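Common to both upcoming complexes is chain A, partnered first by chain B, then by chain C.
The block that comes next holds the complex of A and B.
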């Protein structure tokens, strides 16, 4: 049932990274998709962290709560239960973006920037994340490391924020979630493949330089295929591995199935063999 | 290559990397997503600290703990860390933020340096460049070396070394060019097949710029390991055994003109030159319509249509 089936899980470095991700050692994981839909990675990390008993703040700007909940149920987690018991803090962008316009101006709202003509920063959104992942002392539920999940950051550019403002938001989240509270951040950014789209390129490259692990889902250059849905490039940028000779980058092809994703080496799809 | 030659080559490479530090002024370390440059920056910092220098670090991208990780205590005690990571834009308003924002932090850094050899590390210049106007950053970098020179006399100008980490995907050619023109040394990191390499462009005063390529790795204790890589074509090695050939010999044309040849050349009127004689010749009416006639002989396969004489023009 594991997501990382097959050869991927066998690599020792992968299991080390996975332990680090689960234990929460202040890692930033960048998910990136180019010419394909990388949301399967978001669903994986959401269910992965909920199953690992982590406190999760999910900034969902793309889909509704019920969408994530349905996919989550297929992967064995209930978002409704997780939200009720306080494990999951869910910011539903589609719904609360409307709320911004129908509430008193004085009340702070995480998506306040939608209402302001010249919003310069995403500080209200950061404050929301900081509050959501605040360690609680009442001891009723001891969650493991805090996790921030964002789907996706490119939308913030489309909503009128500059790339540096989004980078500042992630910078503060890193300082609070990763460094202060030893948690993890997972964020998705689209790679439009358009060299003219300067803002998105600055965002993507700026985040790439800050992240410890980059998972890049790419569509096949040869086009659509029924048995291979794309390829995943894995790039480690861990500072614990200095620039020595290392196996820092791996590429696998994948096929998304109903409840899991199978990975195989390039050209080794079971349909071909 | 004899063993002694190999050893000499190794020492040469060692010297080259050390000369990056021995050179003062601005040193740009340009890294990429695949070939990160922070470990090289830390290796150069360690070398400077072990050489007895003060090292001031402006940390914007990683926390102080993460930056100090890997240095032993003797090195760590020589590092002064200015933390711009925790609260760079004063959002927390705890009063812990560095006053004056990023630019103020940069200026405060050089206020606090003592006269004598000092290394300043900017981690990273990219972070500053995205948030400050390029001109303001360049001026701050210039002012830094000027102020250091004022305090320590003329000699001290050469005693300041600024190591700036620059992520090269993040900036356009404009800001990159501006910083390059300020830099004495540019180190560009890349690599092939898991092996990192550094292209080092040095601009020494009153000398031609040199370009060297080194293969290196940074060991876990943050010391540099320089390796002999394959010979690189970019290294300008003048081979003493190649005889110098005069490129002007055996030419099929004259490079110079004699006085007579030059006069002949100058007196010649070229066909496209317009003169008053030419103008008169054109304005004078011709001898009569009978003398200029157009003869047209159709080809055998020409398809002439009297109804549409311009049919072949495709209009």
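The block that comes next holds the complex of A and C.
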């Protein structure tokens, strides 16, 4: 069953992108939400890559494993099975933070910075990702391209890391995952809008310039609506090309349902027609 | 049908009380019987805990906030394992009342309480709790009044806007069942014997501030570190996280933290714009980690109107599960506004979590007001008073929910 119901699934340019993403050509996809909850995009990409047989490293900082698992089951994947057979490496931030914070760890822990007063960088977290996605040499049927999924990067700012440290972390991950291993990275960053969150703006702008695909979920400017939950702007970028070439973009409105999201052109919500 | 699995096999998470985390998925709708793949260690018994019920939407275990109207607005109640953040009203009058309702509900249900404050001694807070309205007579009056309100209007047949006759009647306020959640009389105190029979732990920061830390100083302020240690200790010692082999806990821990972020906790975000911007957010993150892995629910009141750096408020919101803002009319220009004359303030439901789900229950009506009426705290949908004045000429009554004319 398709997660994307409605006109979005039929746009040919979109299906090219899905192929690229599935094949893994070193793409960085930025998910962004402003005035709304963009977590449905994270759930989509998680189930998308697991179904596409990719090896996924999920740095889940904001919700528990069982939350993603239960939603994943609605979308047709079992995180428990994926984790057991080695397809999914899951870092459960909330649970690990309690371990790190209250007990001194013998070895460096990916969330080591929680214990430190002035953590300089996210190197332990990067090492964790690199270890999780390193190629398996034993000749078994390998997974498809490796994927790093992060939900979400804005939390790292709240936990004391600076925007530069987070950008460095993504930079190192890109070097390893995207360039060396031809995999993809998908990360969610909140757009704080007009709340003057300088660090978050630096992070968001920095990542926007590096991304190949930006999916931006926005709340409607007119406020809450029962039938249209928000607007999704899709922006295709080519970071390596000169900027004279215009980036392609599409805008859809969406409504989230129990097991899928339906998309429609602006003003064409079934509730209105 | 308040059946739930115990999290006996180690740390679970929000969903794990009803759906076991590690090996097998047990929901509250599972048939009892021998498990096909179960080993003894992951066998879970379905037991019910007083004062809880599973959510209709996603089977999440819920507790009452102490205000049935608020429970209804939050999709049935407060989910176990989550944080409810109350943004305090300006003089902390109504938010401290909500705080007391939350604790009182815990006492009535026999939950264990953990009360943390930097301003008042928890023992004093418990003395001030409102008395429960277990008297059926009063509840009958309250229900009758709601019924009279309905029958008078249902008798009016609409002549012009006849299409709207078919729309469901809108309630004056959110409707709730009384078996889960209780009503409280704000003018009477909780009986002493109930308080004494309850199990509670108090954390009064001025008393604890001198003892030593056994965590290296990170960027958290002293007060927050001590509070986290205290909470973690109680959770572990009393077995709320299922990791202590001696303790098999089948109860909920209700954690109430008052005025978090205020200078009394040693945090300076309310005093200056360049205060310690990570202390509070780090605290919330680790707290949520503790909650997700234990049978507990937490209500925090925070004076967000005092926080100088607005970026912190948005980060705090993102790190909380449910966020409710209270705005009282005292001393503001709205006090004299005729639209608000029946009410004491507004309630803003700023955020509701989507737990174990892509969607969530959210009320269509966003304009909510509260009042402290005849000893009861009620929440109502805001509407204009002209509706009630003209019953013959206009048929745009309060039942027509789309119009909000200000």
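By our rule, the second predicted complex is superposed on the first by the 256 of 273 C-alpha atoms of A that agree within 3 Å, B and C clash if a C-alpha of one lies under 4 Å from a C-alpha of the other, contacts with A are read in each partner's own complex, and residues count from 1 in each chain.
The rule we apply is simple: a contact is a pair of C-beta atoms (placed from the backbone, for glycine too) under 8 Å apart; a residue touches a chain by one contact, two chains touch by 3 or more.
Just so it is clear, the model here is predicted, and its values are computed rather than measured.
Colleague: Using the touch definition from the top, say if A:126 reaches chain B (first), chain C (second), both or neither.
Modeller: first
Colleague: Return first, second, both or neither, reflecting whether A:171 touches chain B, chain C, both chains, or no partner chain.
Modeller: Once the two structures are laid over each other on A, A:171 reaches chain B alone.
Colleague: Does chain B (first) or chain C (second) touch A:237, or do both, or does neither?
Modeller: In the superposition, A:237 contacts chain B only.
Colleague: Let me test your reading of the model: by the given contact rule, A:249 touches which partner, first (chain B), second (chain C), both or neither?
Modeller: After superposition on chain A, A:249 lies in contact with chain B alone.
Colleague: In the superposed model, which partner reaches more residues of chain A, chain B or chain C?
Modeller: Comparing chain B with chain C, the partner touching more chain A residues is C.
Colleague: Does chain B (first) or chain C (second) touch A:71, or do both, or does neither?
Modeller: So A:71 only meets chain C here.
Colleague: Mind working out whether A:195 is in touch with chain B, chain C, both or neither, as first, second, both or neither?
Modeller: A:195 sits against chain C, while chain B stays out of touch.
Colleague: Please write out, lowest number first, the residues of chain A touched by both chain B and chain C across the two complexes.
Modeller: 198
Colleague: Applying the document's contact rule, which stretches of chain A touch chain B when the two form their complex?
Modeller: Its residues touching chain B are 121, 123, 126, 164, 167-168, 171-172, 175, 179, 198, 201-202, 205-206, 208-210, 214, 235, 237, 239, 242-249.
Colleague: Can you tell me which positions in chain A touch chain C when the two form their complex?
Modeller: Touching chain C from chain A are residues 37, 39-40, 43, 64-67, 69-71, 74, 92-98, 101-102, 114-118, 154-155, 157-160, 190, 192, 195-200, 223-224, 226, 256-259, 261.
Colleague: Please output the residues of chain B touching chain A within their complex, sorted ascending.
Modeller: Residues in contact with chain A: 33-36, 38-40, 61-63, 65-66, 69-70, 85-89, 91, 126, 130-131, 167, 169-170, 172, 191, 194-196, 216-220, 222, 225.
Colleague: So in the complex, which bits of chain C are touching chain A?
Modeller: 11-16, 19, 21, 58, 81, 215-219, 228-229, 232, 278, 281-282, 285-286, 288-290, 292-293, 309-311, 313-315, 318-319, 354-359, 364, 366
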